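Two complexes are shown next, each including chain A; its partner changes from chain B in the first to chain C in the second.
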Partner chain A sequence: MSGIRDFFRSIGEGWDALPQNAKRAVGVVLLVLLILLPFAFTAGGAFIDNATKALAYAVMALGLNIVVGFAGLLDLGYVAFYALGAFTIGWFGSSFYAQVNHGKGIHVGVNGVVSTLPGIHFNFLLVLVAAVIVCAIFGVLIGLPTLRLRGDYIAIVTLAFGEIIGRVAINGDSLKPFGYAVTAGRQGITPIDSPDLPGLSEFGPLNLRPWYWTALGMALLVLFVNFRLRDSRLGRAWIAVREDEVAAASMGVPLVRTKLLAYATGAAFGGMAGAFFAAYFNTVNADQFEFSFSIFILAMIILGGLGSIWGVVLGAIVLSYINTYFIPNTFKSLPHHLGLNFDLTDLSFGIFGFLLVIMMVLRPEGLLPERRRKLELTEGIGAGDAELPLEVTAP
Partner chain B sequence: MEAASIPVRATRARPFTALREFLSRYGLIIVLVAMPLAFTASDLAQGHGLTHIVQNLKDGVSNGAIWALIAIGYTLVYGIIELINFAHGDVFMIGSFVSFGIWGTLGVTISTGTLGVVGGLIVAGLVAMIACGALNVMIERVAYRPLRSAPKLAPLITAVGFSFILQNVGLEWLGGSPRGVDDLVRAQHVLFTVGGVHIINADVLSIGITIPLVLVLVSFVHGTRLGRAMRATAQDPEAARLMGINVDTTISLTFLLGGLMAGAAGLAYALYNTTVWYAQGFEAGLIAFTAAVMGGIGNLQGAVLGGLIIGCIQQISDDRISSTWTPAVVFAYLILIMVFKPQGLLGEETREAG
Partner chain C sequence: MSDIAPQTVPAPTAEVPPPAAAADGNGHILEARGVSKIFGGLVAVDDVSFTVPRRSIVSIIGPNGAGKTTFFNMLTGLYKPSAGWIAFEGKEITRARPDRILSAGMARTFQNIRLFATMSALENVMVGEHARMQAGLFGSILRVPSVRKEEKVVRERAAEILDYVGLRKNQFEQMSINLAYGDQRRVEIARALASNPKMLLLDEPTAGMNPNESEGLRAFMQTLRDDRGLTILLIEHDMKVVMNVSEYITVLDHGEKIAEGKPQDVRGNPRVVEAYLGKQTGE
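Let's turn to the complex of A and B:
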């Protein structure tokens, strides 16, 4: 165990010791490899499918990481933004509102078959922007009642909002504020327009490469924004609020604005990924907006390490692969080989629950911990343990 | 300059502070009575009289008695270690499943004689209570105790993790769809009628289970040495330790008591609704948590009061709006409580909700 730890530590130290230019070169090479990766696999195959989902989950997890990891506001209703993002593309990128403009539809920036269909059809990029705006607004609305609260109470309020939005998604077909239904209920909104982006070939179920590149682009953008935000004044304010709200406030951090910006930014990324998922799955299915989804995303950032950007990306990729690949394929036949007669796919959320417990008890700082968080956790658990301070003296 | 500006700001702020004070004192009560009053008014305006709303409230109270039992588990645990035990609702679900399993094993059905049914109920109740109590203690030992000095996020996450594990156990146990339970007590049988309101067996059952249990629990917490140790630990664990109280044992005892109540609630739920399924615990847990918060978390009487109120809200919403919207209505109430009075009806201001 310690051998493995030393190995990883030596890698980390070696990386830190590299000159800036070499780091940059490694980054560029990795990026080029990531971009060229789909050419090594069949265009409609399972690998690109799983990779695309993993990237989109990474976008979502990075968004939640801002709220939970940076600002320390435990959000258990993140599924709300998945739902809102998905419904934004349902509203503005499908034939759901077929009766608008006397059945002729509204079209902005779309060409081909889509531009002749009834309903509202915006270009995918516009829809993404709309999803970001809608979710940021809702993020602030959901954040408002939690401003006076702390800890567990925030978790409960956000959870309640998530459940309410899930209920609205299921029952929204009977809500008709201006004569237009809010959602399609359990029936779902389908089909969703395929994205129409410049420079990318046709998006479709048989050619998943453009989907992969879109997801990669989103992930890179969100990663960039995450790093910039973390090191900005706002990011430091978030961390200050997470560490000690009272101290932060007395040092002049505006609590209300800082917290609301965390909610809004986190929500915006969730909405972006939600819109992408809806387009990718070609449906907005009201039944998938459940509490378990929030926990799935939360498990990603816990597994990776709360507040650690690369850790969260790793956690998202690992859990997404467990969910989309290992449980349905590898694990499924495992009980059968052992002579047991049950289906492991049923147990996927039990496995996530188990993972959460195990991670928290054995390695609460996650796979790739953030330095500050690691310090905090090891100090908390190992109080009085003579061996630990040696580990945490690093700045 | 500054001295001059202060009185101006004070006079300008006064109407808002008055409004704020009014809202924080009466806001929750206004919110609570708004829905029943609105439906009563609409009933009266249509000339239906009060029978309908009283019937709703009666159903609400008997249903709320079950939520009260679960809410006690939340409030006890929160009172002592300030943790929302997310797995508690699923412990309650396991209680229902154990009762169901016991009746299956013993072969207790509706056609068994009265004596057999009563015996079956008592055995199932005892086993379910002990099973849930033991389960709750085990969860505390495995998932919360190692994290007691960790940041508060950590035990909350293990709680959610255990909730998922228990749900999956339930899913494997009885499958993904609701299972019918034999209607052992003839739940819908009308016992007597008062002023047009039917009192059915299920009402008597749920209230008959809840009242004695709550009385025993309250007298235990307030009248015994162990109960005093619990209250002392809730007030200040460090001081309690210094006074010679074994804090770990006391916390285990708290989880045991909460689990016992959840087991009894599980039995009552199975008889009351005559169905059980694996997801019942999640929803019931959130409803009961809402009840505990409404009453003032950490406060036993508050949990019971909150349970009864939330039961009424839920019944009115089921009956008058639509049962598909009920969860949204309950959660909306939860958010309103958090906004207007996070310390609840009977609770004192806590650090968390201040």
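Let's turn to the complex of A and C:
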């Protein structure tokens, strides 16, 4: 126990002591290694598959980290933006709307077979941008009524919105606002166009390298945004709102606007990762947009350390590997050895829950805690400003 | 609630003139008319009217629970008044949001210091400058030159203000939770000053200070008024400070204004003495 603590501390202190140039050099070397990593493994193998999923989960978790970690808004409905991002590529990157344009389809920036298919087919990059925009807009729409509330009420209402989007996804096949169904219901939208990006070889189930690089690029982008926002006017305002809403408002921070920006930014990245996952899994499956997904992502950032950017990345990688590798592979035969007859994957969420409980006992601040959050946990900051209920007026 | 309150609370705006009448020209920076606040059945502030002349130092005093802080919270937008209106610089701010009121030029401190505990002293003051800054979401992500420059200016200005309130340079980067009590008070005043306000509201600024520190703060308030042209409104229990620094005093008791005027007038007012010491029955 104390061994783990000392280990992390010594790493942290050693890193802090390095000069700026050395840090930069280490960063560049690590980046090059990450880029070259896929060449050490078979192109269609399990390693790249798991690494790609871990990176995409990191994008999700870093997005949620802006909402929960930075601004302190407990969002239990993050799955809504996974769903919206996935449906964006379902709408703009598949043959789902086959009747559109008299069956000839609409094609923007796509080549090869895809450009002859019916339906709406946008280039993957355009779809990612569309997913970001769609989710940011929905983030604002959901956030406007929600973020006037405080603390636990935000959690409850976001949870409800997550459920609503999930229900709409399942029943959207009978929802036809302009004569076209919104979703394909339980059937799911499949297949999804394979991305076609300049400079990358063909995306396919047997060549996962380009998927990996795309996920890596997205993760780096989101990391960059996380770091830039953390050390900005907005980042300070988020911490201020998290620690003391009343003082923040009195110091000129517009509460609803500031929270909305956090919520919409987080939503945008959730949507980006959602669109990627849909393309990667080659389907938009309405049944996967469940509450447990929100908890899965939330568990990543709690495990890693709320608000701590590298902690969240670590938490996402750890939980993703437990989910995609350790439970279905390494420990798969464990129940059998114990003389029990069940599939360990059925217990996934029980295992995650158990891990979280262990974390709360041993290291509640997360694997790589952020120094502020650590202090907040030990000193009870930010929890007790209920004595002055702020009467927030309309913007 | 309605069967307890009606005789004490006037019908909103019935005999109160419209805000348009609150002219700026008469030298008042702040004007409140018939302001009341009711929590459930409790009348915390009852039909209080008062004005604050520009560039003056005005105190609100009264026993505990008199409604002073509630009144402050209405002035700064944290509470919405149940009745009445408030005008600042000739503009009505009765139901405005706290951040709008700050932008209009009224900044405050809190009775129980409310610094952002895990931020450094410098960062706290930088949050105080939030309203003066322009940087938006995309500008911050791309860190465009204007954002970079603004950040630098804001940081320098924050250091200047901390220096001005007398915080030692080696404490600028310390987490505010680790600062000594008196220094936390300084940082809170610096944070309020960072928005470049026209008027400063101080809620019991000398609480927990020794007589020396209180005297220092008294002198500082006068410096702020004389150097920076600030108007200062304070809630204070230390009568030595109040009597020395204030040009005008308003006395609240049980939510009602029971006296106002110059220090020497208020000091001898029998209702004030009664509020503080209780009624004398043996005469």
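The rule we apply is simple: the second predicted complex is superposed on the first by the 371 of 395 C-alpha atoms of A that agree within 3 Å, B and C clash if a C-alpha of one lies under 4 Å from a C-alpha of the other, contacts with A are read in each partner's own complex, and residues count from 1 in each chain.
In the analysis below, a contact is a pair of C-beta atoms (placed from the backbone, for glycine too) under 8 Å apart; a residue touches a chain by one contact, two chains touch by 3 or more.
Just so it is clear, the structure is predicted and the values come from calculations on it, not from any experiment.
With both structures placed on the common chain, the touch criterion links A:126 to neither chain B nor chain C. Shared-chain residue A:181: touches no atom of chain B or chain C. In the superposed model, A:153 lies in contact with chain B only, and not with chain C. In the superposition on chain A, A:232 makes contact with chain C only, not with chain B. Judged by the touch definition given at the top, the superposed model places A:352 against chain B, while chain C stays out of reach.
Of the residues of chain A, those at positions 376, 381 touch chain B in one of the two structures and chain C in the other.
Remark: chain B residues 82-84, 142-143, 146-147, 149-158, 160-165, 167-169, 171-172, 176, 282, 286, 289, 293, 322, 324-325, 327-328, 331-332, 334-335, 338-339, 342, 351-354 touch chain A in the complex. By the touch criterion given at the top, residues 68, 72, 74, 76, 145-146, 148-153, 155-157, 159-161, 163-164, 167-168, 170-171, 291-292, 295, 298, 302, 306, 342, 346-347, 349-350, 352-357, 360-361, 364, 376-377, 380-381, 383 of chain A touch chain B in their complex.
On chain C, the positions that touch chain A within their shared complex are 73, 76-80, 95-99, 102-103, 107-108, 110, 114-119, 123, 126-128, 130-131, 133, 135-137, 140-143, 147, 150-151, 154, 175, 177, 191-192, 195. The touching residues of chain A, when paired with chain C in their complex, are 224-225, 228-229, 232-237, 239-240, 243-244, 246-255, 261, 265, 371-372, 375-376, 379, 381, 385, 388, 390-393, 395.
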